[in-house]
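Working notes for the structure below.
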């Protein structure tokens, strides 16, 4: 079972992001369970969302303590909480920023992970470019598909289209496509 | 306090929760450039001295004003106040009467005998200032305040330049002018009268001057070839206005024709009326819209009986009469002759076709560049010759008193740097406090106070001042109409509208500070700041 | 049709398939998404001839449902925690009047202190009100139980409460099979009321009943609810045939065939317990779990059968009957009383106010029950230091009040808050 | 409160001049004003304000309710010499101020249930009476907790004329549970339980339940509506209410950026437009009779107010105004007529 934990803030579409990821896995015939961190999150307050993907029914009902992939949707949270607690050694790390890991003082964390398991993607910028709104969740989904290969990118596109019908959907898909290409390029670069 | 576990909580325990981390934007207190400051040719910090005046601290306001402009009483009478044109308050009801408050402060300073505080240190450097007009006086004042020793050499018998020999008394009483000049002299500025500088380099060498500021103005009347019989009485405007200062008033006769469309033409026509002329007619080749003179001055002249002959040029002048040709404006706005002629009776004709500069003193000075009759200067007001600076009407300028004062100040600052072998770097300009950055809701409606004017009868017969000043209550009322654009005036709005109690009030005069531990960056303070003194900056993630 | 959908929205679609005629909506976390989903279906025209009413409180919500049901319309509403208590008078009244209302209960802790997270204290508070109470282990079961509930309620003419764990199920986005309209129509006939307000056949509903008949009324209510012990398995089987999956029933067992230790629990926690059972089985521990679906009526015989062979029975429940212990444990005690080899009963209280129940805590609990059994209710993952200090402080201070507070300051300073 | 007076032009005699000086054009409507005496300024301008609701609370960015509560309770604290107890209904204000282990309240504060704040406050007031204490009591809640689930207890408190000031922060919906409709939700507004779908998208027009009018019908000593866009008016009303004994009701319009779908920086602007278009009448009533209405300063059409909020986006689709915009404008015009909201504001 592959477990994902997403950190962001209220109003940024963190929960919708986890839900879309579970829909993408469902489209590929797999079992998936997405749930929020259950609280009265106010706009701007820290929020966590979880997603589990497996090949058989998921019965577990406890929070994700040891995620296989950690998505940091809002780096300002670095100042507020230890977002990386429980991240597995061979885990993945996806950070939404237009800076580098060193700028965010995350060099130590990245070293501990296998090469190519930690990537950055300017998801908010991509969202502003395509969707005209700072909602990076769809773009991060594209990046997640490229980073982990756990779900195919076209499942991600169908999941986004299902959640955001019409024009907004296309804009989000375009953002996800850019993010996917960016991360694939980074992956190829580290692999070479 | 002992109470139940978790169900009951202690006062102040929420302060452990630093909500500051929620921000994606951060409010910052900023100083933005008020449009009046931006528009003032003399670079006055108008919003600055108005905020002192509105608190009733008139001396403080006067001192803040005179840090940039030593002649507030003069400005209050002759400046065309571009500041009021730019004033944001026009977006609410009407612009702030800045000019009238400036005059009120200038007059109070004269009445109360306030003096400039002399500079603490002396540089021992000597600077030659040629010309005691507004530019020269301003430069000398600023140089003195910067600790240098300026000496003004004035060709004429008295100080003021155009202020005395160009602007009539009914606009600028001489007592006011003399009082403000005296205050500059009291600062230790030496003025030598009837002392025309003909050879600049020689004068600088003999006087041991380390630098020079030329401000001789433009006193030579522009001549136009108009065939005139020898008995015809043709004079030039500058000469007529200058002679008003002396004992023997010019004899212009019953019917006076003035040729020209600028402010000088209006001054001459209105002076002629006051000298008893039954008819004072201004002949101008174009239309009212194209006239360079300020419209409010034309209004005053028309009220006093001055008559206008639009779209006409003078063909020739005879004794007692002249012939005028009708003109028409072509599509580009230039007057074209129509061939239609008309004769007017006139005892005298005064030409007010603009003035030129007497550049004779510059002979032999190397490196200068003269273009269109004025000496070219750099941004630092320096001419092609090192150490020789110039300003006022003899340099490229709009040729107003305020611009001249501005040139004087700017030159002084550059001379000050030059004397120390450095380059003067002006402070960077703040972002303009344009109207849409304000929140006009918070300003109550309050109509502008109009300055009372002398009744018409006395205006056309005497040289008494036409426009009177404001009394204290009106001046204070007017000062308090200022919106304080772009600069905090401690109205407590940000302190009051913050949902998170994240603004710290530092007490009267000290303004406010944001408590970034708790500020969530919602932006309500920035939206509700009346004067746009808060800007939201993106938080660096 | 298989969908990846939020639990609440899946329930909304299932309830819509049951052709409800009056829906009363009042917001209270965590059930609000259900009534929101239903509101959208009505407003967009997908769910026809259905009145969707925004009421001004939960007391009104159930009262409107009572009126609608008594007047012959299939009525539905949803509530949680404080809302259930605010309508408590109407809960008893609906049961007493025998009105077949179906209500979803998004299980949430009862204040004070106010708490929006999951536990079963709200359902427990109304366990004797006369409603049938069915607990869903998964969102799939929550969908099925709502369809079962309408049939059961209208068959017996008594209200049914479908209990679904707040947030854990209502807000979980999962793969759920939503039945087709035809399947539900095949199972659920139109509502044929036992008593109804009908001008053609007037009757007074809600008479005053004195000592001469009140006992009989209560006996009949008790008798009627026990008929559900027979109908729940029957209808669940019928439903299972139509949907092609086992669902509902009084209870479900998992790996108890040769189990020495049997855990009994209700709701979503059974999933985590099954995973824990698998882990312990791999280490050779003979352990199984009974997931109870029908809490009211309480299946004493069925439980007796499945627990007969067990040596140790561990009851894990998400509420505490203050002053006595675990309510579920007491009921289970009744089921074990007349077994020849009575298993030892161990009562554990877990997950109060939304505290997570992780597998490692459960495993330690199940092992301790056998090796070092305890008396009375054991509070799983209780912060002993906090309560110890508080009890000590209260003894010191005359004005004891319920429990002291300076623990909070130490806790806040040393930030040892339980990780949720 | 310094008020604007049209000034005449000619120079005034000294004594008149002094009077004219009082009318300080700059900052007449601001929170404070460095040129008038400390006493004349608002409570919020003072560094000695009690900050009864202080920093660290978890309200959304730009929360109107947090602002309304700060204004009202600080004013009441000053009026009562900090001798005040607050009883709060369940709702946003209660949840974002007292999440264990932190409270941002700095006065004695009690939260019991969603629908009983008025009754609990009655109890506190009774205790104060029997204990011979003169501590004042305030009950407060959102529109859901006041006009819906708590309405019965509210009416009871009014009818008994208990010595309680009830303050309702009206953000026009159940925002804590995720923006559902309440009886205070305006017509046509989109909420989660009145989605923008079908032939009549958004909330129904209905007959409206404007609780201040119902409060007036109870003939209680004092009723008022107020807004966070006019701090001076709000504080004046709270102070006036605190000087009266018996049942009093103040309803404050507090915009909710989340629920109304507006940027967090527009909170006060929204409150201002709501009043200036006439949709939210600001008035006072004593013993069953309306005594004063705050005049609209610069009237605007209601569409300018509606267009700022996403909850009304469906009324402006395709750049054409939905006919129901005109129906809402009619409601504004009716309020203007009923309360006389246009014309000059007579001296207060």
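Going in written order, the chains are labelled A, B, C and D, and every chain counts its residues from 1.
Note that a residue touches a chain if its C-beta (ideal position, glycine included) is under 8 Å from a C-beta of that chain, and two chains touch if they have at least 3 such contacts.
If you want to know which protein each chain is, UniProt gives these names: A = 2-oxoacid:acceptor oxidoreductase; C = Pyruvate ferredoxin oxidoreductase.
A quick note: this is a predicted structure, and the numbers were derived from the prediction, not measured.
A comparison of C-alpha centroids places D closest to the centre of the full protein. Chain B and chain D, compared by their mean Cα positions, are separated by 49 Å. Between chain A and chain D the centroid-to-centroid distance comes to 42 Å (mean Cα coordinates, whole Å). Averaged C-alpha coordinates give centres for chain A and chain C that are 34 Å from one another. Averaged C-alpha coordinates put the centre of chain A at 62 Å from the centre of chain B.
The set of chain A residues that touch two or more partner chains comprises 40, 44-45.
Annotation for chain B: residues touching 2 or more other chains are 6, 9-10, 13, 16, 19, 22, 520. For chain D, residues touching at least two other chains, in rising order: 58-59, 61, 95, 100-102, 176, 257, 264. Arrangement of the chains shown, judged by which pairs touch: all-to-all, with no pair of chains left without contact.
Of all residues in chain C, those touching chain B in their complex are 112-113, 386, 390, 393, 397, 399, 401-409, 412. Residues 10-11, 40, 42-45 of chain A are the ones that touch chain D when the two sit in their complex.
Those residues of chain D that touch chain A in the complex are listed here as 58-61, 95-96, 99, 176, 257-258, 264.
Across the complex, chain C meets chain D through its residues 25-29, 32, 35-36, 39-40, 43-45, 54, 56-59, 82, 86, 111-114, 408, 411-412, 417. For chain B in complex with chain D, the touching residues are 6, 9-19, 22, 54-55, 441-447, 449-450, 452, 470-474, 476-477, 480-484, 489-493, 495-497, 499-502, 505, 507-508, 515, 517-518, 520-524, 526-528, 530, 536.
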